[in-house]
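Report on one structure; see the data block that follows.
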């Protein structure tokens, strides 16, 4: 069987909506099928870990928050919690509850944002506009609580910086009701809207064994039947007391990833209500001295995209000796390569968006197609158009062939 | 001819097409730029369209501290845009490198790579602030 | 107190028995956090042992720390079922920073080893495609930013 | 005498049903379409340029005229500059056949239905030349995709028009309109399927959302348009607007008895124009509605559907029309 080689090269083009950092995937394709994937990341490598070693613990709070704009509370919360363990202090219960509330509100905001982008990937702009319109509700809530729509700077070492008044609590509960009702509506759309089903059902398969072997994390793993969730497996913050159940689907495809995230959003709304109803009294933060004795701690948080790990080592001064951050997207890189193999070029945008990567806007994809050595480089947008159009021509055989499998 | 130039100036103010380029930021500004398109802020009221190709765009909206890796791409895109073109630097780390200043992977701001017309501070600036930035740009255009 | 950390202490004893003299020290930090320090040439067996005996299939990441004249590598292994995180750590001299790869046991190590190679300059023998992961193309070769002696201004 | 008639003809060509009216109406339709599409998405759409954003397309056009015009090195100089102008000229030429202020177009000759059909296929070919001449690698890919789609929608489009011609038993637009006015029977009544096919095919011809050939409005990188900037892009957008006028005007003429409608005997031209505008707006509303509606459908099935469903349906429609004529149901 002669492997037909054709190299697709994509000129660097701007991307819309430009979401995250860049990524660069090299695909080896045989005609329309993807055989092999190689990746090159690091376009947004800003040298944060080196920078952190030259900043004090308090300054690092605001550095860690800006590693990823969409899961900023996850990063800052995890950093604050790890440094508290390092310094041997514990945040008061009310502070921990408020921190957990912010985590969950941000998960709602991140999942809704992703749902809009996934709809945009398959050319479904009306749903993209509607989902992003309803996402403004949670953005308003977060702005009411913390004063900023993104990068909330709510956490500090030893607790939280702002309290939640009763009147605010009432407004948040009202906002949560609207969110729940809208998310249910979108879940109903995703379940039986034919456009989504054809472009998402059994595409980008990641079997349970592959997910376990390649250590996939977060919703990507839970969509492949792996029952793992740091909030339950390694309880932190107020997750010990908050009742919640972990959503697991086992159809291992992009549709499962969509549904896991939508269900998790509904779960988050329930958790936020619970946290607000039993918010303990007391102050919201404790004292924190500037220097921390020699120590090292591994801190872990379930960010919207998966397990986020912080390893901090202190050396007695007021600056960390070493700050190691492993973002969930780095863990999902290998699984996504597995998903792409065997699929069609036209599936690449939606499969890539499937893991909700922190660099969903793959600005440069280089396809190597062996036989004809033709170079073909496409920007993020050309690939999107190609995939939507390609599906127009081959929609039927693909669907038939897939149902046969 | 004065009428013609007035007409052209009016047209330029009324339909600024923007092109968004993410030069390695943390995406907080990017989601705010995209949020400006969605129903609540809807920049299309001002005639603003988000264009995909540099050939079509007038205003280049740059977000993120320009990382070393993306610097020459940014310059290439800036050169591909037809005149008259403008640059809008959105976000504190785009203006001065912000919290990442001093890091080895980051330039100290966009104006080290390309000339900038309007700076929109904020981390991230609200969609209203971004729209205000574009309006400021148009006022500057009005005067020139 | 002792009762609650029973499993963790049991793990430390088990590693001590299994590794014998390669076992340098092991401490239990808190519930669910065990640190095991091993000699470099026995670290692979320790990892494999952790995988088979304690079912820590999930390698969260590899943290590299520059301790002046040696580089310490920490392999964070995690078992979600019974909530245990075992960190196997070992030190390698900075003079020739070389260590065997674990990507045959933990495939996800492929990415993490490339990151440590890129930022700290530790070469992993046997790694299929050990090349630059994060640093930009125009970054000078074999300069490793996370080394303590390296200053950011040098590269401006 | 000759001079006055010549002047009148010139006036017709340039001002009223000719260039200026069509261009202005084209911009109006673009505004109408963008506003509707935005409203379907719960947005407001252009608002601040002129009353309710009416002058937005005009502002876009003038701004693009004033922008720098880049011709890339790889592009074929002659073709690269000729195609935009050609597409505008052809759009204007074809609009002369559409009856707007009277029951016959400015030009009308026997068999002009076929001429209009042929000229409308030239649009698709022009798009392919545009992408090819721009010499840019991925715009060639865009052109290839456009070509594929062009083949898909041309045949159903032609069939739907032929079924109307069969019903009116004439190949001249003026006669078709006269047929409908005489029998007081808009042909949409006896050829409804053809009307639906016509709408779907015209969406593809206009490169609207469901057919996702990069279209300036949808903010995605323009496949074949990517290398065009400044004046050339302005002409391409103008050509698209004129195509909108053509598509809706042609549909009004074929299915809704052209500009015919109740009117005071003396002032026919005025009332006919009024009815022409009303009918074209109704059709544009349908197109824009389909566009946002379609976004909800499985896009990849649509072109596949052209071959598997629309062509057989069109043939069925022609058979129905023949049957109706044979049985003498329609006059």
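Just so it is clear, A, B, C and D label the chains in written order, and each chain counts residues from 1 on its own.
The rule we apply is simple: a contact is a pair of C-beta atoms (placed from the backbone, for glycine too) under 8 Å apart; a residue touches a chain by one contact, two chains touch by 3 or more.
Please read all numbers here as calculations on a predicted model, not as lab measurements.
Each step here moves to a touching chain, and the least such steps from subunit B to subunit C number 1. Chains joined by the most contact pairs: A-B.
Centroids of subunit B and subunit D (each the mean of its C-alpha atoms) stand 35 Å apart. Between subunit C and subunit D, the centres computed from C-alpha atoms are 66 Å apart.
With centres defined as mean CA coordinates, subunit C is found 25 Å away from subunit A. Each chain gets one centre point, the mean of its Cα atoms, and the points for subunit A and subunit D are 44 Å apart. Across the assembly, subunit C contributes 135-136, 145, 152 as residues in contact with two or more other chains. With touch defined as above, residues shared between interfaces to two or more other chains in subunit D number as follows: 41-43, 214, 219-221. Contact with two or more other chains is made by residues 37-39, 50, 52-53, 67, 69, 102-105 of subunit B. This structure has the following touching chain pairs: A-B, A-C, A-D, B-C, B-D.
Subunit D makes touch with subunit A in their complex at residues 40-43, 137-138, 141-142, 145, 148-149, 209, 212-214, 218-221, 223, 292, 295-304. Residues of subunit A that touch subunit D in their complex: 10-11, 13-14, 16, 122-127, 129-130, 133, 193-195, 198-199, 376-379, 381-382, 384-386, 388-396. Subunit C meets subunit A in the complex at residues 29-30, 32-33, 57-61, 63-66, 74, 76, 78, 80-81, 83, 85, 87, 106-108, 110-112, 115, 119, 129, 132-136, 145-146, 152. For subunit D in complex with subunit B, the touching residues are 34, 38, 41-49, 53, 55-56, 58-63, 65-70, 214, 216-217, 219-222, 225-230, 233. Listed in rising order, the residues of subunit B touching subunit C in the complex are 67-69, 102-105.
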